[in-house]
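The following pair of complexes shares a single chain, chain A, combined with chain B in the former and chain C in the latter.
Up next, the complex of A and B:
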């Protein structure tokens, strides 16, 4: 008879200071489950594969629709959102006997179990000044006209949820390096091609030319492969590299 | 001494309030369960309404006003709604200047689409993720203020209590760190709750996991009134999931999708049969009731479950790809099946809370210094919300609440900084004692199973169709749950980032608010907007054209009626699909 449960093998950790350990859980199979609903099952039935009562697994999630970025974790070796990780797909591919391996993102400090602290990602956005310094939120009339083709490109860049998949896959983003992370560059480029945002283009270019900026990119191109939103990270990196060089050249010749 | 405001929640209403406060020279602490960029506002897809009239249709703010009041079955106070629809165009321009990538026309100006409940193109949109794009624009502006030191974010903190002094004036709040579990007092001269809806009370909904309504319930339990709790919008087409019900856009029906189930072994297109004039495009509430009737009363759901088909397979695949591509992708991503080949399974899902914390027109609650804005207030939608008005009300309420809170702070004769430590210590002691109590709970109830049970009960009895007998039983059961809550077992022994401790606190607050919703529904013996009682099928303005106000007492909620402002538009009957 076919096995009626599937297996989650989860890398757990009690707090930021203790070491991690693996724990297996058997989850009764139902159609249309995903990794989040499996973790919710454990909350309702906090018992491991050996039948021992354990603390429920701690994890982050919010929207369950792959639009907030909260539930990012490493599933079978790949950084992705747990809400869109369908159990049926794993079973179809690998069979129900093969455990699904779930780990926290490794590039960020673990808080507990699958929960990590991704503050560094938001700090990167701050360093690169990814905003348009509007005069205020009060009534100042219509915004600028904007070529729909450029707008459509900026929309693709703007869908980044700051989930951290790209940073997880990037060999240059780690504890030892100051590299701000691949996620910052599409946002800089989005603002630099905006009719208002381009007025501060040089300031953002200067920011990403600083230590830990665009020079930290080693062109491994892993970021684009794992981005759940298929953001054209490489295109924006190439465009920014070009702009940064022009900017530097202008500085030299005192344009 | 610097005046300071505390904003709870970093969705559109919260961030908009923050920006307005900073512009009024008030520093802000933001307390948010999640990094603000991950707030539930990101889930809104369709768009945001503003009468820009760029399509030569002669749209106007007057018409936007009419549609909003009419759609809300005349229960919304009219002056605040007027303010909202008038402000809408400038708010869109503000987002445009902040860089929101709104979809454009070939001339490079803002494009508009048509939404339900309107006759004109009035909805501005950014692809299929308008809420996300608006949220990100405000997130960036607030990050700029954070960089300038005017805003401090406390992300990963949960609001526990407002700190009220002996005169009942708010002096700050108590919050808890979700990682270290530290309980800390925050001094502040105004407290702004921007904490969203409460879908989690119903177990599964289209809401995010943080939308428990816990913060709103806390402020209700501290003495604020809760208004129109019984008005909960149900979206007819949501995908079924083990974790939540995900929204399937109305546009699937708009483009020709047919809703059916099996009867006598043959496909039965029940909406087309029941409503031959409107067919599959009946309004949301009508569609939800019909699907409910077929599944619950007639027992004809697919596979005996509460689900029917939303079928697009008869339509041309290229046409579908072009018109509904992004939406169909969502179904396939989360359900695994291709809706171009296999009919989608759907059922109505709890979606939006028109009711919320009672506020005056300046968004202050009846607790001095405590404000509320966004979905957690009750102000702009009456008995039913118009599509694409939710993003508008979230942003607009922030533009009212922020400056009102700033004015309030400037009028104070004493700042929170001057308040003695003893007041905060008293609150801290109470919250720490409560936290200890919860950690020691050693009964036999699993809190997550208890929550599941409550969600099922609320969905069955306080959802699409309401009967007084069932509402009465539900309230008795909810009181029973409040008793069972004391017999919870603290299943997590961890001292760090203990999510179960926080959930147990939320669960109690959800139960208190569930009673307000249930009893509010019980008292309203009419049908209006999203509130439907088959035993009282008509809207009864003489008796019930009133706002429900609930106050917490020892014996449960106490209710009052409040007059609704109908100074601008005389109520007329709302007939689905009828001419106005």
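Up next, the complex of A and C:
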């Protein structure tokens, strides 16, 4: 290998209100690096490709094993976790000369550099009431038994880490529309099939029929393609479509 | 105060119903009308007389204007107006090279093409014509020029694609296609339907272009 370093091309932004700019960094190659360790190298040696000392790149990370979603960013045009984005794979595929392009998630307000405020995701979950209200002043006893098939399906849905990849890729989740985002629906379905959560099923269905709800889905199906956890988003969406239609029909005939 | 809030909430709920009506209208009556319309005009494949007879027959239905406004015009206007609102609120992203993402983009592009085409078609072939002969010449004279033929074909194919892909999204919206494999199957079936309708409409247009009018 002639070139001993690889290139990171990072879209940076100094504060929430300023405009973004691109900056290149050369990172000495070592085997088994990932984007996070490259960004950590920049923190230690905050020198850009022109040899100028700059502010280190701000980013978030936590678990380093693709389960927390904190380090989600757009890498070479695709939303994914920086910790599971392996440098060796990029080099094998495109060669060491080709810069790796790193951007913050575009659908959320940027705080600084690669750090974004993903509050919108949690607002969506809150709007859809994705919880089971069991708090009370006395013990309610054991809950109902969980059907094994439902439990297995529920497990697949529960792996969501609210990283925002699906929302980033969704064409209908943007600053113009009030769509709450694709990540909400697997969680609604997970609680709707839970034997305890089933009791508030109608409340959740009503919540996702409100403004910005499930009707905002445009069937582009990018969400399922980019989901790092391979959550059956489409299945839960289609099932909920059926459920909300039945619920709406019931409401109409009982009007 | 509470009442006002509730009223606002009710208003916000209408969103869902409007979108569902939009989806339903795309198939009933607009999709059905499209198929009916193509079957009617397939008589052009047989010849000028057969085509004239069918158009005559349609024109002689009593109170046809009521059906035209009630079953065709109003649903069309609703579907177009709300549809353009949906197109406006999506942020198409061509950087994701996934099949369904392309379908999503094409659905919106064909929506705009179809809107322009339908308005043109209604104005020149329905509103500005007084007799059966007018209808036939209005169509034939456009299709008999090369540019007119291409533009007409783009308009017809855009409508047909929008309809075929619309069936797929309709079935998802109404919760009928739930399984992954079923979705894949219908994705193929609707595109086969689209290919078939492409061929069908092409033959109709070629036959009209060849007519001695």
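Here is the rule we use: the second predicted complex is superposed on the first by the 246 of 255 C-alpha atoms of A that agree within 3 Å, B and C clash if a C-alpha of one lies under 4 Å from a C-alpha of the other, contacts with A are read in each partner's own complex, and residues count from 1 in each chain.
The rule is short, and it goes like this: a residue touches a chain if its C-beta (ideal position, glycine included) is under 8 Å from a C-beta of that chain, and two chains touch if they have at least 3 such contacts.
On a predicted model such as this, the values are computed, not experimentally measured, just so you know.
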{"item": "Superposed partners chain B and chain C on chain A - clash or fit", "value": "fit"}
{"item": "Partner chain(s) touched by A:76 [first = chain B, second = chain C, both, neither]", "value": "neither"}
{"item": "First (chain B), second (chain C), both or neither touched by A:61", "value": "first"}
{"item": "More chain A residues in contact - chain B or chain C", "value": "B"}
{"item": "First, second, both or neither for A:222, with chain B first and chain C second", "value": "second"}
{"item": "First, second, both or neither for A:32, with chain B first and chain C second", "value": "first"}
{"item": "Chain B versus chain C as contact partner of A:48, first or second or both or neither", "value": "neither"}
{"item": "Touching partner for A:9 - first (chain B), second (chain C), both, neither", "value": "neither"}
{"item": "Chain B versus chain C as contact partner of A:241, first or second or both or neither", "value": "second"}
{"item": "Lowest C-alpha to C-alpha distance for chain C against chain B (Å)", "value": "17"}
{"item": "Where chain A meets both chain C and chain B, residue numbers", "value": "none"}
{"item": "In the complex with chain A, residue positions of chain B that touch it", "value": "16, 19-20, 23, 34-35, 37-40, 42-43, 90, 93-94, 96-99, 101-109, 126-127, 129, 132-133, 136, 140-141, 143-144, 146-147, 179, 208-210, 240-244, 246, 330, 333-336, 399, 446, 448-449, 452, 491-500"}
{"item": "Contacting residues of chain A [partner chain B, same complex]", "value": "14-16, 30, 32-34, 36-37, 40, 43-46, 53, 55-56, 58, 60-70, 83-84, 86, 88-89, 111-112, 115, 117-118, 122, 125-126, 129-134, 136-148, 151, 154-155, 158-159, 161-162, 190-191, 194, 196-197"}
{"item": "Contact set on chain A toward chain C in their complex", "value": "77, 169, 171-172, 174, 176-177, 209-216, 218-222, 225-226, 232, 234-235, 237-245, 248"}
{"item": "Contact footprint of chain A on chain C as seen in their complex", "value": "9, 12-13, 15-17, 19-20, 86, 88-93, 95-96, 98, 100-101, 103-105, 168-169, 172-180, 183"}
